[in-house]
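Multiple structures follow.
One chain, chain A, appears in both complexes that follow, with chain B as partner in the first and chain C in the second.
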Partner chain A sequence: MDAMTPQTRRTLEFVLDNLVWFMLLAVLVVFSAFVPNYFQPGIFANIIEASSVLGVMSIGLALVVIAGHMDLSVESVAALSAMAVGILFCSAGIGIGVDLQPEWLAVPVSLFIALGVGAAVGLLNGFLIVRWKVNAFIVTLASYIWVRGLVLALSGGRSAQDLAPAIRWFGTQRLGIDLPGFTFTVPLTAWLAILCFVVFSFIMAKTPFGRHLMMIGGNETATFRAGIKVNKLLIISFVMAGAIAGLAGWLLSIRTSGATANLGTGLLFNAFAAVVIGGVSLKGGVGALPGVYAGVLLLSSINTAINLMGLPATSTQVIHGLLVLAAVLLDTFKQTLRQKLA
Partner chain B sequence: MKRLLLTVLGVIALAMAMLTPAVAQSKGKVYYLVPTLLDEFQTGSVSALETFLKQVGYDVQTLNADNKTDVQQSQMNDVIALKPAAIILAAVDFNALKPSIEAAMAAGIPVVEFDRQITSTPSAFTSVAGTIEIGYIAAEQAEKLLTAKYGSVKGKVLQILGDPGDPYTLDIQKGFEEKMAAFADVKIISLPAMLWEASNAGTIAADQLVANPDIDLIFSHAAHLSVAVVASLESAGKKPGDIMLMSSNGAPVGLDLIRKGWLNVEVEQPLYAQAAAVAAFMDKIVNKQEIKPGEYDIIGLNGVVTTEAWGPNIKLPGAAIDKSNVDDPKFWGNLKPPTDTVKAIE
Partner chain C sequence: MSQFAPLLELVDIRKNYGAIEALKGISFSIGKGEVVALLGDNGAGKSTLVKIISGGLEPTSGRMVFDGRDYEARSPSEAKAAGIETVYQDLSLCTNVDVVANFFMGRELTRKVLGIPVLDEKAMEDVVAKALSSAGTRIPSLRAKVETLSGGQRQAIELNRFVHWGGKLVLLDEPFAALGVDQTRRGLEMIRRVAAQGIGVVIITHIMQQAFQVADRIVVIRQGLVAGNIETRNTSPDEVIGMITGEQLAVAGAAG
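For the complex of A and B:
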């Protein structure tokens, strides 16, 4: 390493910092070359669209993981928020079709409800973990179970369908490049997810709150001794994770135009995969949200490829599992390389 | 610490309060082991069985396996120890429950197979529409729809399965593809929606519509998957009728989609009749009397009882629902349970 020129060192550091983006690029090139019908704007738009719910959920999860904890309840919280929105604002199935005037009022009200439901569960999780010092794994695992149970109890196993058009508008309205012969548009829900990544990336990188969360994840005791209100920040991070999961639920209800009792099942493990692939350390204190978005896009790209190749669904899980393992190994390799560079 | 202890005790007390045992005078208690409560057919089956069995004098206790085979096996073991009048089983896994069924039957507890036929071991009674037969009916409807569009049976069909670990969806696929194999000009693309999760079905539809814009028909193995498919079609700017849609199980959301013009056909499982058949024969099942083969009127449907290697088996015909008959109250998706009381068959 001593013989390395500053230019080589800078290049190597850039590659290490953005490894997941390079992985994404490589995967897209390989799939475009070998999977029939993959290389077209419509498929890339689908990848972004399919990433919106998982992406938003991964942001909340990443916040608590960076702070050195974990939240297993995000999937169930998203389902509960989706069901709350579905029951109130769907007009078929178990939906009671609340009619607000003017119609657009349904958007902020439903969003507020989804965020509120998520924040409430997050507050309970945070309180038990921070104040009562109960293990985060246990508390959020319990929430994962009871919140899903609540979804079932509220719905009676039935579905809500036909979301209010004003809310559904975010799923049908597309924005992007629409030229003769070339169209690349994605629904507003996907733009919302991208906006969330931009905002939270800024918060994590440029605000004291983000930096303090990173410090807490790195060394909680040292951060406390530095005079930072660790407990308060941790509770806020759990509330934010819950609220963001609520937002993911709102997007999920838009994407499926309602809610079913099993909505969102399986998202938790994909969210963890995206966070790990995105370079967030499960030990806390390390990670950046743009990398998490790349991780989400990577998983979505693989799912889409499997959909188009017609492979058995079991392959999806095998590939996901191997990819997470590969990412963890790459992360270890990256850290070893960094130590040598230091 | 004291506060923590009090809270824990409070939570336990609340949980215990919710476990109110139902004690009533009746012909006996029947346990219904439902595979999951996360779909409308299954939740509908709980209320239908409870209603009809009550009419013939039995109490029903339902246990949910959350789609986990090992959980259902444990439930079987627990229920056998309670010595109920009978066990109604809608198996999570068609084969894995065989030893548990044999153990119950050996203990003198009759086991009734509901909705999901198990042919590898004898049971006291089986009431099914037939999952493979659902696939057959779906194939007949696909044949009609494609002929109406092209004048002959040809085109491209996207088949969205449920979870690939669920034999229920695999049987429907088997029946559907077996019948469709007769038509060489039909290309079927089959993809599973993992965990029966609706947004997975939506993603499959969105991807396939871009890769195969000439898809003529989408057949989803459950109505709630069709809801997400429709959402994807809407997002892609499609209107009702642009692509033909079909699904199976007859859930309320499927019937709503027919009314809105999105869904062409919903293949119904005759939930009410399946449940009523169990109730009608329950006295004979519990008293271990012979169930004779023949035709029986089950709340207006013609059920055919045959004696099979796995015991007496009643098969009730599924039905194709389209806009011409969607409001018929006999379909369980309209959520109008039959007003006629089920009578025990003498």
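For the complex of A and C:
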């Protein structure tokens, strides 16, 4: 043992465990200082608002990655759910404009459909992976492709517009502090994303289900030997990832007031970036959801800065790529440091 | 005669692989609270025997009596349910979670909050603290992730978990292969404490010194047969080596 006191060690571990929050803070401070017009409530509200779809999608991805698996299909699943909602509840384009009475009924029904579509794909993924022992990467890559194909086939490449006003309401209502001279409000969709993070953070940290997923990600053999129903839990986690992706699709359709065939393209890689930056190890068994939310906010903060600085949007991709690389290197570095601590 | 009440009795256990007889009729017994060191050269049949006891293999013939009942395990989980387990270092721990989580793996204590089962961390930690302290095991922090603990501490957690959840007979295959001198000493002490709680312990080892330090009895397997079954205090390392290799010792027991 070296001369490190338990106190410094605990501090160091705390910093390592919450590194992404410190990074977010640093990034916000730097941008606020150097990017003109960055430091204002409206910008921060915007960052949170822009994080909702990606944030929700990242939750589902994080669940299966923590359990030691992989779900590449979340982006396409979100698109399929959005398209289902779009076709059913849009009145223009390919939308058939289902008219429910009373009007508000469209909200729960569309949400239920979005979740259901996602859960169905998740169930198929989970079943193939667990029962047929097919590699999760391959199964969900296939889903990533065929589900997007289904979206294209359903839409015929066209789009649905003019989402039912009752559903749109979620995208337009804002909630927050609204005082004279100081306004900080974000739309209900963003609150929904935050609520999801709170609920799933709680599930992962405080319930046997979350604990078991974590342990499966750490050592699947050991959990099996201990009598934990590994297969059942893994299938549930894939169903959850699918359903959550469906929710992301629902939010996506609200944001765009409809659905297009290429809706959400590229979200998968941002979700992976957020999950990895958020401290979830792709090896499984490591990571927590609050960190993932910080990762999403970090990406969103950087996007906002790029916009404000008037840099070409293409530079966003380069920066995201570098950020993911940095996150993976950081993960390796953290592991080495932890081994030294041990 | 042994001073231990019988726990597991092996009666004429045979195992054939085709024409090859790996075990040619093994009979011996293990008592409650007894530490038996199983010795033998490579290929003598030790691991076959251990697998039969722990449910990894079925014997060709013979029978076992465990805790007064006929015992036959078709799988490791059946053996485990009966109270027999092989403890492997690392294989049955999740190093990414803390000591408490590992101790309660699959048996978590919960309390209902609005109908949702929520982990009762405080209660679990108390149970683990009690179990470890009564077994004399010291772990710096029960909230430390197992990956930060030493090999010896991990072994201690596994053994204590086994004892706590009603284990009756534990098989340890080369338990100290990866441990340092000090850790090995503590490991041997821990085995004595586990045995003192009435649990049968079988340790498979190559290191004669360890066998003599910890075992009440030494059983030597040679070419699929019991070549020696003797109380540790009535034998010597030289005599045991003779049993393992099959050589007669001209001066057995004469020295000293």
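Heads up, the rule we're going with is that the second predicted complex is superposed on the first by the 340 of 342 C-alpha atoms of A that agree within 3 Å, B and C clash if a C-alpha of one lies under 4 Å from a C-alpha of the other, contacts with A are read in each partner's own complex, and residues count from 1 in each chain.
Everything that follows uses one rule, which is that a residue touches a chain if its C-beta (ideal position, glycine included) is under 8 Å from a C-beta of that chain, and two chains touch if they have at least 3 such contacts.
Since the model is a prediction, treat every value here as computed from it, not as a measurement.
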{"item": "Chain A: partner with more touched residues, chain B or chain C", "value": "B"}
{"item": "Which of chain B and chain C A:Gln40 touches, first, second, both or neither", "value": "first"}
{"item": "First (chain B), second (chain C), both or neither touched by A:Ala222", "value": "second"}
{"item": "Touched partner set for A:Met214, first chain B, second chain C, both or neither", "value": "second"}
{"item": "Partner chain in contact with A:Leu105 - chain B first, chain C second, else both or neither", "value": "neither"}
{"item": "Partner chain(s) touched by A:Gly285 [first = chain B, second = chain C, both, neither]", "value": "second"}
{"item": "Chain B versus chain C as contact partner of A:Arg255, first or second or both or neither", "value": "first"}
{"item": "Contacts of A:Arg158 with chain B and chain C, given as first, second, both or neither", "value": "first"}
{"item": "Which superposed partner A:Asn307 touches (first chain B, second chain C, both, neither)", "value": "first"}
{"item": "First, second, both or neither for A:Ile194, with chain B first and chain C second", "value": "neither"}
{"item": "For the chain C and chain A complex, residues of the former touching the latter", "value": "76-77, 80, 91-97, 101, 105-108, 110, 116-119, 147-149"}
{"item": "Touching residues (chain side chain A, partner chain C) in the complex", "value": "206-208, 211-212, 214-215, 217-219, 221-223, 225-228, 285-286, 338, 341-342"}
{"item": "Of chain B, residues touching chain A in the complex", "value": "4, 37-40, 42-43, 164, 189-192, 194-200, 202-204, 206-208, 210-212, 224, 227-228, 230-231, 234-235, 251-253, 256"}
{"item": "Partner chain B, residues of chain A touching it in the complex", "value": "36-38, 40, 42-43, 46, 49-50, 53, 92-93, 132, 152, 156-159, 161-162, 168, 171-172, 174, 187, 252, 255-258, 260-266, 303-304, 307-308, 310, 312-314, 316-317"}
